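These notes open a run of structures that come right after.
Both complexes shown next keep chain A, but they swap its partner, so chain B is in the first and chain C is in the second.
Our next item is the complex of A and B:
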């Protein structure tokens, strides 16, 4: 009975109710969408942190953490390997040798961490092999000796990315609709090699008109980019015995992840191509990477198990190794509710205002209801229910639309390309696929009801304070 | 048939002798510099950059190939800094902060004192003989010296960043008059020129060496040898970390 009256009351002044409902809908949409965006982001970052960069659990020599010397290899490696092979929880595991080395080519040099891996095992632990860029070779499939996989960033630092205007480029520009004039302008540069993006850009800017650059600049840059696969990189490092050692590698593949820091630091080679030069013995490894199920409890439990079994080794979870990603994952679930809370807090004032007006408008009617014997409890719950209906309608609509938006963008992805560089410097992808937990919707619904109840208190009190006799007489 | 086999054999042996010859030449040229028992000298290095220029003076002592000591004597800011090379390792003594630094791999490819000369060049001099296949490709006259033009291609798997090096070595005296360093796509990266051949301690050597990076305009490094003595009396113990701090 009360429910019915309340529901009908909501729609008595349709336009006023709709204004509040729309405000709540928009608030909910934005809250849900921002939360979905954040979650999508955090999920991508944690996924990358685990499945590309560090894996769930990493075993190292505790001394290696303080001083990255080659002699600090994983203690009791043979026992650890056997234990991991027998454990059911372990989905996959692999091991690396690690050398901090100086990479040089004839034109550039940079410091890198050289990781000696077993490509087949590595693929089960890290999905890095899926990040090979277009035209950037492959992941240890080329047959030549001493292959190396480096990042695009490293390739740039070592000047292994050239810009060349080839006949092919001119042809594809033509199909893109470039005018004869542009092609003629580019003709003199044909087959000239530019070793840096900066020089190539400067040259283009000097021979092309601003209009042409605006129209085709990006395409020319993209098409002219040329990875110098099979180039030689010479690495210099101190080997096991502390002596300076040299080893040359040839570029086999070029990868690019969303994390510039990771890209800048790491290069991958086959473990056997580095073992002899560096003086590694069998079972000399610097880290063991383990993949388990994606559950925090399991990861922590397995870490504790490893710790008690191998007290000499340092056993760390991904949250300890990449605390930024770990912290975000923990903090975010709280953060979504904080965003929602702030939005609803602001909306509450709108709701209070609307309900107050609804009460003041109906003083006579409320007096009448009280006079015919409706008790205070019922009056209070009528107004409260009215508020709840009002807000629930708005938030439901908001959740449906917001959920749909997340669903759509979750498929298509949102591209923040204009600020890509800044994001990627922190390891966050510029392409975001929002997603959201179903539980969040329940949480929002509960929050909406609480907010509705709280904001109905003032209008309801107003109604309760009415004296029926006086109220009936008001015009 | 027999004749053609003979001819073929002759060609092969000639080619082989030729290759041997080129390696011999590079080796002799290398020994001209590094093959002396010991040496002492003073040098001036001028670093030329588009907007500035600076000059560094230093003294240098060597014993065989494996030991060398360098002491900066000017400008005042760097005075007293010493570099010690023992076999494949290098140390740097910086008196201002009283610190001895063992040069890590990361510093090897950096220019020495900001010049176009890298620490790696200093450490790996002998690699020019060992890590390359040499071939005489012609004769040319450089600065009035009749030279062999020798093409040097790195051996596969060798730890050499160059794709090709061309060296001009004078027919008498085996002086390195010019070297060109190419990357793997055969683009010139830098040129080294030996100039002003002078007689020092009864030996003829180019007294001025210029290093010119190819793709950086108005940039070069010039090393001038002011004086040089060879086969001096110097002990292994001279090349020690303790001595680096005492040198004047």
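Our next item is the complex of A and C:
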């Protein structure tokens, strides 16, 4: 019956309770949504770290970590390969040769790491093949000799991107809602080729109004991009014998991930296309990448197994190689609760205030209850339950709405395009798909109950201090 | 059978430096089934006396023995439980819980006593019928008149099957008709259930109905008149 009274008491002063409930609802929505957003980012970053960049476990020559000389290949590779093939925990694995090289075209050059891969095998370990940009070729499907897949960033540095205002671009702008005046302004530039982004931007700024650039600038830049596929890139590097070697490749695909650093450092070629020129022998590889189940326990256990079996090799987990992503994955759940904690701490003052008012306006009734035989434990329970109900109603509504918002934005995504460059410089995607573990809702519910209990202490103490005789006489 | 035995009861209030003797060496006893009124002018000490009998206020000296239990020896928590099981209260301004229906208000005391739902339901309905509110069991206090609310309060006071009921100015806020109805109901219940009723009042209508009238003045019992 105390539950019944407490629940009904919540609605005694409907408008006052609703103000607090709405505040709690909004606070919970914000907390849940921010937590979902952060989790979305962390999950995406973790997924990229494992499935695009590093894999779960990487085996290398320990000396290669200090000195990236080609001679420091993975020790005992044949035994490692055999062991991995026989291990049930291993879902997939692959190996790379790696050469730090200088890439040059007729217009530009840049230093990067050339990774020799087996494309089919690579697809089982890395999802990089899914990051080929629109109109950016393909992932080693072109039939020509010595194909290479480079990042959009590298293509830009090597001047392999042109900007052209084509009829197709004008048509696309029209469907995006561009006005005739904008199309007319662009018309004189039609079919002109701009060899750098800077020059193209400068030209656009000279012919378009600031408002037009603000509205359609990003779309024009994106649509005008023209990748120079099949372009030749010459790589210069020091081979196994220490002699300078050269090899040329033709661009077959251009990729773009959310990690600018990864993009500008890596290019991928078929392993056989550099083996001979670099002087690699059979089983000369610089890294072995392994995919397991996404379980820290399994990853650590398998790392330890590999370490004990192959003591001469360096065996590292993704968390050791990408500590930023590892730390985020480990500590993020604590941050979510900290966010919720701060929000509820602030809301607790509102809850205490409301409950104090509820107690003060019911002094006479509380006096009567104590006079007729309601003991202190029951009085405290009644006020505590009332506080819990008040807080739970708001937080439940907040969790439902917050969960629904996460569900919606988890499907369509949230695009932080305006800060894309900054985000991607740190490996964080600008397009984020929020998500949240169901366990977080249980955690928040427990937190709400604790906050409600703590918030009820001051109002309940006020009630318990009442003298029934004096309280009954209160007008 | 003696329900309440009051021996040399004194209550002194220490307000600043001035000591006020609200009740001065009062000795009284009440038998089972009495219908008694404590009367006296304002400030005579009748409400203080009633509060002490109800265990809501402590005596400075003397003792109150209810059914063999000396209330002065009970700890605060024991006293609350003692009140719950032995004493029914009716207050001047009804003091019903506004969010509960008439039936729930009556049931509530029995819930505190730990009685089961069926027993609570049956007794609440039975008592509300007895006070003439059988048709209004699901009405909230705001939908009831003052007289009806006080009748619910009487039903609530009886719900716990108390040894006696203390009613502090129960008719002060009621019109004549409601007062008459309420007093008739209480007298009827007194006769039927052999429950002792003790009123603190200066309402002549209550005094006229009482079977025993105790007049208090300046903290002393001035007269104790029994009527047939």
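Some observations on this one:
Please note the rule applied: the second predicted complex is superposed on the first by the 433 of 475 C-alpha atoms of A that agree within 3 Å, B and C clash if a C-alpha of one lies under 4 Å from a C-alpha of the other, contacts with A are read in each partner's own complex, and residues count from 1 in each chain.
The rule is short, and it goes like this: a residue touches a chain if its C-beta (ideal position, glycine included) is under 8 Å from a C-beta of that chain, and two chains touch if they have at least 3 such contacts.
On a predicted model such as this, the values are computed, not experimentally measured, just so you know.
For the composite obtained by overlaying on chain A, chain B and chain C can both be accommodated side by side without a clash. Applying the stated contact rule after C-alpha superposition, one finds that A:44 touches neither chain B nor chain C.
When the shared chain is aligned, chain C comes close enough to touch A:4, but chain B does not. In the superposition on chain A, contact of A:236 is made with chain B only, not with chain C.
Contacts of A:246 after superposition: chain B is touched, whereas chain C is not reached.
Legend: residue contacts after superposition of the two complexes on their common chain; A:472 is shown touching chain C, with no touch to chain B. Between the C-alpha centres of chain B and chain C, as viewed from that of chain A after superposition on chain A, lies an angle of 160 degrees, to the nearest 10.
Judged by the touch definition given at the top, the superposed model places A:193 against chain B, while chain C stays out of reach. By the touch criterion defined above, A:260 lies against neither chain B nor chain C after alignment on the C-alpha atoms of chain A. By the touch criterion defined above, A:365 reaches chain C but does not reach chain B.
Taking every C-alpha of chain B against every C-alpha of chain C after the fit on chain A, the minimum distance is 83 Å.
No residue of chain A contacts both chain B in one complex and chain C in the other.
On the side of chain A, the complex with chain C involves touching residues 1-2, 4-5, 8-9, 11-12, 364-365, 368-376, 378, 468-469, 472. Chain B makes touch with chain A in their complex at residues 88-89, 104-106, 108-110, 120, 123, 157-163, 181-185, 187, 189, 215.
Within the complex, the chain A residues that touch chain B are 100-102, 104-107, 109, 111, 145-146, 193, 195, 228, 231-232, 234-238, 243-244, 246-248.
By the touch rule above, chain C contacts chain A in their complex via residues 51, 54, 56-57, 77, 80-81, 83-85, 87, 89, 91, 93, 95, 97-100, 104, 107-109, 111-113, 156, 160.
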